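Here come two complexes built around chain A, the first alongside chain B, the second alongside chain C.
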Partner chain A sequence: MTGADILFLILAGMAIGSSLLVVTVDDPVQAVMSLIVTFFALAGIFVMLDAHFLAAAQIIVYAGAILVLVTFVIMLLDLRAGDIKTPTKNVTGRFLGIAAAVSTFALVASKILSIRMDGFGESTEGLGTVEEIARTIIVDFTLPFEAASVLLLVATIGAVWIARRDDA
Partner chain B sequence: MNLTSSIVMAAEILISLLVVLQLLPLLIWMERKVSSYIQNRRGPAYAHIGPVRAFGVVHTLTDVFKLIGKEDVVPRAANRGFHALAPCISLFLATLTFAVIPFADYIELDGVRYHMQAAELNVGILYLLAFASLGVYGIILAAWSSNNKYSMLGGLRSSAQMISYELAMGFALIAVLIWFGSIRLGDIVQAQGILLFNAIPHWGIFVQPVAFVIFITSAFAETNRNPFDLPEGEAEIVAGFHTEYSSLKFAMFFMAEYAHIIVASALTVTLFFGGYQIPFVNTATLVTYASPILATILKLTAAGATLFGLFLAAMAFRFPDDTGGPNRETLFYAVVAGLAPGLTAAAVLGLLGGDVSLGHSASTIVAAALQFGCFIAKTLFFCFSFIWVRWTLPRFRYDQLMKLGWKYMIGIAIVWILITAGAAYLTEGKTGL
Partner chain C sequence: MIAPGLNPQTVVLLSLAMFFIGAYGVVTRRNAILMLVSVELMLNAVNLALVGFSRLHNDMTGQGLVVIVMAVAAAEAALGLAILIAYYRLRRTVDIEEARALEDPA
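Entry: the complex of A and B
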């Protein structure tokens, strides 16, 4: 086993362990913190795959912005351990939930297993660098990129419109 | 990877860590001294080791023992785990960010060039932004886990402020990155090594003055320092997010604050003041003339420091202490600051036969050392200005803070990005920029 293998196993173990914690711990704040650990482990795996930009974006956007928002909401609502309702006792509901989870997992797993793992060579020079990603997004796919920006703008304006005061 | 490159890498990592950790006590001392002189006082002067008071530096040492010796109080209703974790996060993130800052150009060993930067990342400045954006966690976790309304209010203010000013800082950075055409700090510093119109250094401050003002203002806000220290407005919310912290946990927040100042200063220097570049002297010149430069420095030290030491020794005898003997404190300075370095330099010169001729590798090391010194000097100046501003300006009101961040700075920054982009487009490939 090489050093990279060991590192990958550590990061993958961290990612799986902490994402299990996210759904099992009682305290919402602990759940959010576990989610941050998950994102860090994933960012580490991205770095191992030479996707440095993706790793940085993962930390900036998810850990640095979105989860800060989530943490704020949890702290301002003052949610404590036990404030979140335990899962439904309804037998049919539970059965449906398990069925949905298992079938989703089976679908994703079958797709992943169908990928031929021997088809990948070493990553090409410059793949995943900031320059290469910039060229792809801004030169090759300008129009889809701009369309996505407009979509985000629309969503932002929509959020502000929904959150407006009624009397204003 | 051979042994040499491993050693160089270890040295780079060690230097980038030690720069932060070793400047911390110096900065705390500087804060005390600068604030006292601004307020017409002498500042710390009593703590001493033997007869040596070292102008109050010893006070920093006594501070450490004081903080270690204090009782670590944790409120009963606090969340103990997060309460302990929060200061660790703050300090960890603050010391980690220094890794991408280049502190000298390169050294060449066995024909291989090593750039003096602990982590040469392709994502460059994004790494810094990533870890800066995580700094919020240390503060809101501390605020929330203390279970105290003052802590919570301080934490919320602090987070809101950091998130708001992160945007302005990001926009200011975009303009700088556009102008220098790279996202890597090493490239940005190298681009600042040339001369503009053969007259002034191509530093960020001269080509990006508006970005500099926005950046330094946001840097003050990001470090939660005056005039943006609302998170700790002591008249309103006690000490803000670290109200419920004592002993070493408080010390870690304290250290994190100064580590943030050091990183912010180093970043300002890197982006706007040429980083390690010595004005008007590029690396090639430095390497070529390393031998005569080193010889001059050694000669000046040998003569100057020895004379200074003799002068101090004379002063020690001229102004005796209470017992009538020579002033032992002044004698100590005479030896440490004067005679020891002076005679060492003289001895080295004597061993080398009065003249220095270095090989290429040694020349690059001397050049790198000079640039490192230049970088530290510039960084210390900005650390000083952080302290200077804190003791000079009053605090903003909260609504003024938000107005300044969102309505003025972001707007100006966006306009400046447009101007920079236009200028970069027009000057592309011209005027040797």
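Entry: the complex of A and C
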């Protein structure tokens, strides 16, 4: 086992552990904070997979923008741990959720493990740089790229319009 | 950077595990905001699989797709939270068990 393998396993353990916290803790703010840990661990794995630009975007867009927005709304609505009937009080629902998730995971995982894959091998020069990302999204993904810009504009206007006060 | 001998299945299994942890969160959470958070977790699990396969095949298509997924996730979070704020003004709760206005009152 090399150092890179050990680093990958540490990051993977962090990602799994903190995502389990995201779906189990009672306090909404703690769940969002756990999700930030998950995103940082994922950004580390992205760096190991030569996706340097996406690792930076992961931190800036997800941890920096989306989760701040979620935390802001949770605090604006003043949600606390006891406000919502949590699944801890609903044993049947929790059991069915675990059964569905674990059984589907086992089904897909057994298929994946039956496929023979070689190691990652060496990466080509320049994989994951800003230049290559730009070439991909502007040359290969022209239409989705333009559609995403329209989508973001519509979502911004729509969010402001939906969340406005009626008397304003 | 990653060990060239590492089996790509490890990355796919990690992605799969995170995806189903997120799915568990979506079906068991009763707080609508935390359901949205669980959906973000599932989207990130998919991003991880895309980046892993992008690295495996030395092809940038997967990473380009991740950029689009991030844009859609941001739009989804903004709109979802706006709807929840509007809903909270109306009902004073975000518990989805209370969202049964279409239910037969009898």
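List of remarks:
What we mean here is this: the second predicted complex is superposed on the first by the 129 of 168 C-alpha atoms of A that agree within 3 Å, B and C clash if a C-alpha of one lies under 4 Å from a C-alpha of the other, contacts with A are read in each partner's own complex, and residues count from 1 in each chain.
Definition applied: contacts are C-beta pairs under 8 Å (C-beta built on N, C-alpha and C of every residue); 3 or more make two chains touch, one makes a residue touch a chain.
Treat the numbers as computed from the prediction; the structure is a model and nothing was measured.
With both structures placed on the common chain, the touch criterion links A:42 to chain C but leaves chain B unconnected.
Touch criterion met: A:75 reaches chain B, while chain C stays clear of it. In the superposed model, A:29 lies in contact with chain B only, and not with chain C. In the superposed pair of complexes, A:157 makes contact with neither chain B nor chain C. Using the contact criterion defined above for the overlaid structures, shared-chain residue A:137 touches chain C, although it does not reach chain B.
Contacts of A:56 after superposition on the shared chain: chain B is touched, whereas chain C is not.
After superposition on the shared chain, chain A has more residues touched by C, the comparison being chain B against chain C.
Of the two partner chains, neither chain B nor chain C is touched by A:107. Of the two partner chains, chain B and chain C are each touched by A:65. For the contact definition in use here, the residues of chain A common to its chain B contact set and its chain C contact set are 53, 57, 65. Contact residues on chain C toward chain A in their complex (touch as defined above): 1-14, 16-18, 20-25, 27-31, 33-34, 36-38, 40-41, 44, 47-48, 51-52, 54-56, 58, 60-61, 63-68, 70-79, 81-86, 88-89, 93-95, 97.
Contacts from chain A toward chain C in the complex involve residues 2, 4-5, 8, 12, 15-16, 19-20, 22-23, 28, 31-32, 35, 38-39, 42, 45-51, 53-54, 57-58, 61-62, 65-66, 69-70, 73-74, 76-77, 79, 83-87, 90, 93-94, 96-98, 100-102, 104-105, 108-109, 112-113, 115, 117, 119-124, 127-128, 132-133, 135-137, 140-141, 144-145, 148, 151-152, 154-156, 158-160, 162-163, 165.
By the touch criterion stated above, chain B contacts chain A in their complex at residues 79, 82, 121-124, 126-127, 129-131, 133-134, 136-137, 140-141, 143-144, 152, 159, 163, 183.
Every residue of chain A that touches chain B in the complex is listed here, in rising order: 29, 33, 36, 52-53, 55-57, 59-60, 63-65, 68, 71-72, 75, 129-130.
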